[in-house]
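These are the structures in question, set out in turn.
Across the two complexes that follow, chain A remains constant while its partner is chain B and subsequently chain C.
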Partner chain A sequence: MQKLLAWVDQRFPLTKVWEEHVSKYYAPKNFNFWYYFGSLALLMLVIQILSGIFLTMHYKPDTSLAFASVEYIMRDVPWGWLIRYLHSTGASFFFIVIYLHMFRGLMYGSYKGPRELVWILGMVLFVALMAEAFMGYLLPWGNMSYWGAQVIISLFDALPFIGPSLAEWLRGDFVVSDATLNRFFSLHVIAVPLLLALLVFLHIVALHKVGSNNPDGVEIKKKKNADGLPLDGIPFHPYYSVKDTVGVAGFLILFAAAIFFAPEMWGWFLEHDNFTVANILQTPPEIKPLWYFTPFYSILRATTDDLIKYGLLPFVLALTALTLVSVRELKTKGIVVIIAGFVVAGFFGLEAKVWGVALMGLSLILFFFLPWLDRSPVKSIRYRGWKYKTALTIFTISFVMLGYVGTQPAEGIYKMCAQIGTLVYFAFFLLMPWISTYDKTKPVPERVT
Partner chain B sequence: MKKLLVVFALLTAPALGWANEGACGQVAKCDPVKVDLNDKPSLQRGARLFMNYCLSCHSASYMRYNRLGQDLGISEELVEKNLLFATDKVGDLMSAVMPKADARAWFGTAPPDLTLEARARGPEWIYTYLRSFYRDDKSPSGWNNTVFPNVAMPHVLYEWQGSQRAVFKKNDKGMAHFEKFEVEKPGTMPPKEFDQSMRDLTNFMVYLAEPAKLERYKIGVYVIIFLAVFFVLAYLLKKEYWKDIH
Partner chain C sequence: MGKKNVDPQRRMLLQLTTAVGAVGAGFAAVPFVSSMTPSARARAAGAPVEVDISGIRPGELRPVEWRGKPVWILRRTPEMLASLATVQPHLVDPKSQVKEQQPDYAQNETRSIKPEVLVVVGICTHLGCSPKRELEKGTISSDWEGGFFCPCHGSKFDLAGRVYKDVPAPKNLEVPKHTYLSDSRILIGVDPKGKGAA
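After this line comes the complex of A and B, so read on.
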């Protein structure tokens, strides 16, 4: 055994990689509950890929066979129902895990330097994951699969100039059809998963270069012992490998409970309208994406002429005024005024529909810039003042609210909530420079607590 | 952090219950029905009803006859003798007796496949639908339904239930609201017995929509027990390793 290892090590840096990333990777010793979700996300990726491989053996990407092939898996393939529920429940659990993983980042300032790239790679992962889930949802070819894809892709039609040809290029046809199903299958089964695997690799390499953050937001690399090892660090293996195993076991209990006892989750994980085959002539009463897309879908639907006139326009003007009075640099002032000018012109010149699509895109893009929007000297919420704490709490509540109202008809009180939620969403990011600058922080300890 | 967890829990918990509200539409309410897939006799009676009275127009084309026989404990012989109307092979999928084109010509719309009906509409909806046909002289078939206005399906179990008229009331917003049924002509079955039969049929359709449900819960219990033991062992192992970390 020892000899074999030496043989390999001469030809491949096996021991070196193992030590660098596992047995001698020093992680802070004070990880809490929120630090389980990175390894759980990895677990979910593996589960999705494995269950996906077996589904692909029986699934048929053909509009006349797809729906029946899924039912064939559910009924005639041995353990097919379990494989399918692993995958369908897995998609929702993947997003639960990812949202909590991202929330951890917001709480402990994990996106702040030196981890900006870890965060950005994470955001690219998130967008890729959304694409993966969106394309996967078309495959069962249920009525909601069909109409969901139809509605979301035709959003691109709203974009000026390139819109219609872009939408047609995505579909490979003028409507969602067999061509669309085939290309989504190809992208879902091989292209995006490859990309996800590559991104996860980069995400972790980037993390291990700078080291993990922790609930105190203290850089453990600043205090080292005589051997150059962080005083507050412990080797990932065995300490965190056993701890993450506990997390995995706990998580799997919840996951299994969903798979075996509530795989539909009362319409939240598998929609009722997706148990009828796609029908071009019959629109479902309420076309809505699955829950993990609804916060963004809400923003899209909330953007009406009213919101622009009474919400977004005053918001942009106020933000510009705030920049003019509080920022000293002339260059920054100039850039902000120019951008605001274009945006305001756009409010009058472009349809609300176009703004809906733009804001939905922007709501994702803003996450990428968080490391630079947040100017607080401290990372962790533990040492921040009330301003950031309040902002994060309100943002979280309105994000969940956006998600909920996105599953309801866009009228009355729901529409109103979506519009308020949309303003809160953008205010959180765009006011972040001020919130974080003027927040009164507490002193951060030297060592982790 | 704990506070935030509580907020999360409070925010998401009620949303789960709301997802399925109003399944029976604006006019009528769904009646509750007791679904119990362990009640084999009920499933068998439901299957018989379904084969005899529904399969003539509707298909259940994702389901095979012999699977049904195995799951419900009906021997292949009995299936062949009593339940096989549309085909002569027990391994076949359950297609409708009536060709789709004929059905479309007669009813104006093809009777939809019913394999997954219980998952698309929910058992309460089906149970209510089956018991809510009423006389309506304005509709082409002479029948209407409170949870499926202007339905094209005739009341096929008319002889059992008899005929009833629906009483609607306007609520304060001026919207018609279903009040109650008034019996016009009693059927051959007492109402209680009819409800019981429709419950059997609904129960069967829940099974039909997901045969795996029969074993899913049972396996789930073992999986969770296994994982709970694994969790405890993993936790003890972690404690052992971490005892020198402060």
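After this line comes the complex of A and C, so read on.
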């Protein structure tokens, strides 16, 4: 055995990689519950790929066969129902894990330097994962699949100039059709999964270069012992490999419970309208995406003329005034005024529909810029003042609220809530420079606690 | 990178080669990108559809499929036609001035060739759902005059497919090209003779 290893090591850096990334990779000793979700996300990716491979053995990407082939998997393929539920329930669990993983980043300031690239790669992963889930949802060719895809692809139609031809190019037809189903299949089973795998690799490489953050937001690399090892670090293996295994076991219990007792989660994980085949003549009475898209979908729906006039316009003017007061350089002031001018002109010149799409895009883009919007000298919420804590609490509540109202009809109180939630969402990011600058922070300890 | 040992001529050649390579890669992408546009078969599939409308009773709507989209044929009753005037103040474009939403011959009070027969594409101009038919008065709210309601994001249209104010959909529903072959038969997807380019 020893000889074999030596033989390999002369030809491939096996021991070196193992030590660098596992057995001698030092992670902070104070990881808590929230640090489970990275390894759980990895587990979910593996589960989705494995179950997907077996589904692909029976599924048929053809509008006249797709729906029936899924029913066939559910009824006639031995254990087919389990494989399908692993995959469909797995998608929702994947997003639960990812949202918690991201929330951890917000709490402990993990996006702040030197981890900006870990965060950005994470956001690219998030967007790719959304694309993967969206395309997967068309495949069963249920009625919600069809109309959901129709609505989302029409979003691109709204873009000025290039919109219509872009939407046509995505669909490969003038409406969602067999061509669309076939290409979504191709992208869903091979293109995006390959991209995800590559991105996860880069995410981890970037993380291991800078090392993990921790619930105290203290850089463990600053205090090292005589051997150059971080005083507050412990090797990933065996300490965290064992801890993560416990996390996996606990998680799998919940996951199995969902699969066996409530795989559809009363319409939350698999929508009722998707149990009928796609009908080109009939939109389901209420169209809604699955829960993990609804916060962003709510922002899209909330953007009507009144929101622009009574919400966004005053918001942009106030933000401009605030920026003008805060920046000193004349050139910066000029740029700010010009940008604000364009935005305000756009409020009057462009249809609300275009703004809906733009804001939905912006709501994701802002996440990428969080490392630079947050000016606080401390990372972890433990040492931040009340301003950031309040902002994060309100943001989290309104994000969940946006998610909920996105599943309800866009009328009355739901529409109001969506509009308020939208303003809160943007205020959180765009006011972050001020919130974090004026927040009174507590002293951060030298070592982790 | 130190600039000391760089041979400027070789460096220039290297940059040139890279640039040519990048252009080549760009050209190589063309077939792949183009392969995703609608195929010849998809383009040819837009054949016109013939419908016998004699069986449609007053107040009844019949959906038919044309180019993969739902097209509605609604025979309006006199009360329905009367409502078109009542709702005018609440509409975005009551005079159907947005050109591309209907052919010239349907740019009129009823948005149709024959006043009672409405032919529209049943696809919301917001994001492409198919609105629900709420043809009866008072179904959505007490002052509802009848029309179409899009469940996706709450857009409302009147019985001529004209969009109400303050809803996400920006434009009236599209009236497709259509022509009467006889009193009871229409052809969807073709302009009436002599009215070619609409």
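Rule of thumb we're sticking to: the second predicted complex is superposed on the first by the 449 of 449 C-alpha atoms of A that agree within 3 Å, B and C clash if a C-alpha of one lies under 4 Å from a C-alpha of the other, contacts with A are read in each partner's own complex, and residues count from 1 in each chain.
Please note the rule applied: a contact is a pair of C-beta atoms (placed from the backbone, for glycine too) under 8 Å apart; a residue touches a chain by one contact, two chains touch by 3 or more.
No experiment lies behind these values; they were computed from the predicted model shown.
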Clash or fit (per the criteria above) of chain B with chain C on chain A: fit
Partner chain in contact with A:281 - chain B first, chain C second, else both or neither: second
First (chain B), second (chain C), both or neither touched by A:147: second
Which of chain B and chain C A:272 touches, first, second, both or neither: first
After the two structures are overlaid on chain A, angle v-u-w for chain B, chain A, chain C in degrees (C-alpha centres, nearest 10): 70
Which superposed partner A:411 touches (first chain B, second chain C, both, neither): second
Partner chain in contact with A:18 - chain B first, chain C second, else both or neither: neither
Touched partner set for A:177, first chain B, second chain C, both or neither: second
Lowest C-alpha to C-alpha distance for chain C against chain B (Å): 9
Touching both chain C and chain B, counted on chain A across the two superposed complexes: none
For the chain B and chain A complex, residues of the former touching the latter: 1, 4, 7-8, 11-12, 15-17, 19-20, 61-64, 67, 112-113, 115-116, 119-122, 209-212, 216-217, 219-221, 223-224, 227-228, 230-231, 234-235, 237-238, 241-242, 245
For the chain A and chain C complex, residues of the former touching the latter: 147, 150-155, 157-158, 168-175, 177, 179, 183, 280-287, 300-301, 303-306, 351-353, 356, 409-411, 415
Touching residues on chain C, where the partner in the complex is chain A: 33, 36-39, 42, 46, 63, 65, 67-70, 122, 126-132, 150-154, 166-170
Touching residues (chain side chain A, partner chain B) in the complex: 29, 32-34, 68, 71-72, 74-76, 81-82, 107, 234, 238-239, 242-243, 245-246, 248-250, 252-253, 256-257, 259-261, 264-268, 272-273, 275-277, 393, 396-397, 400-401, 404, 407
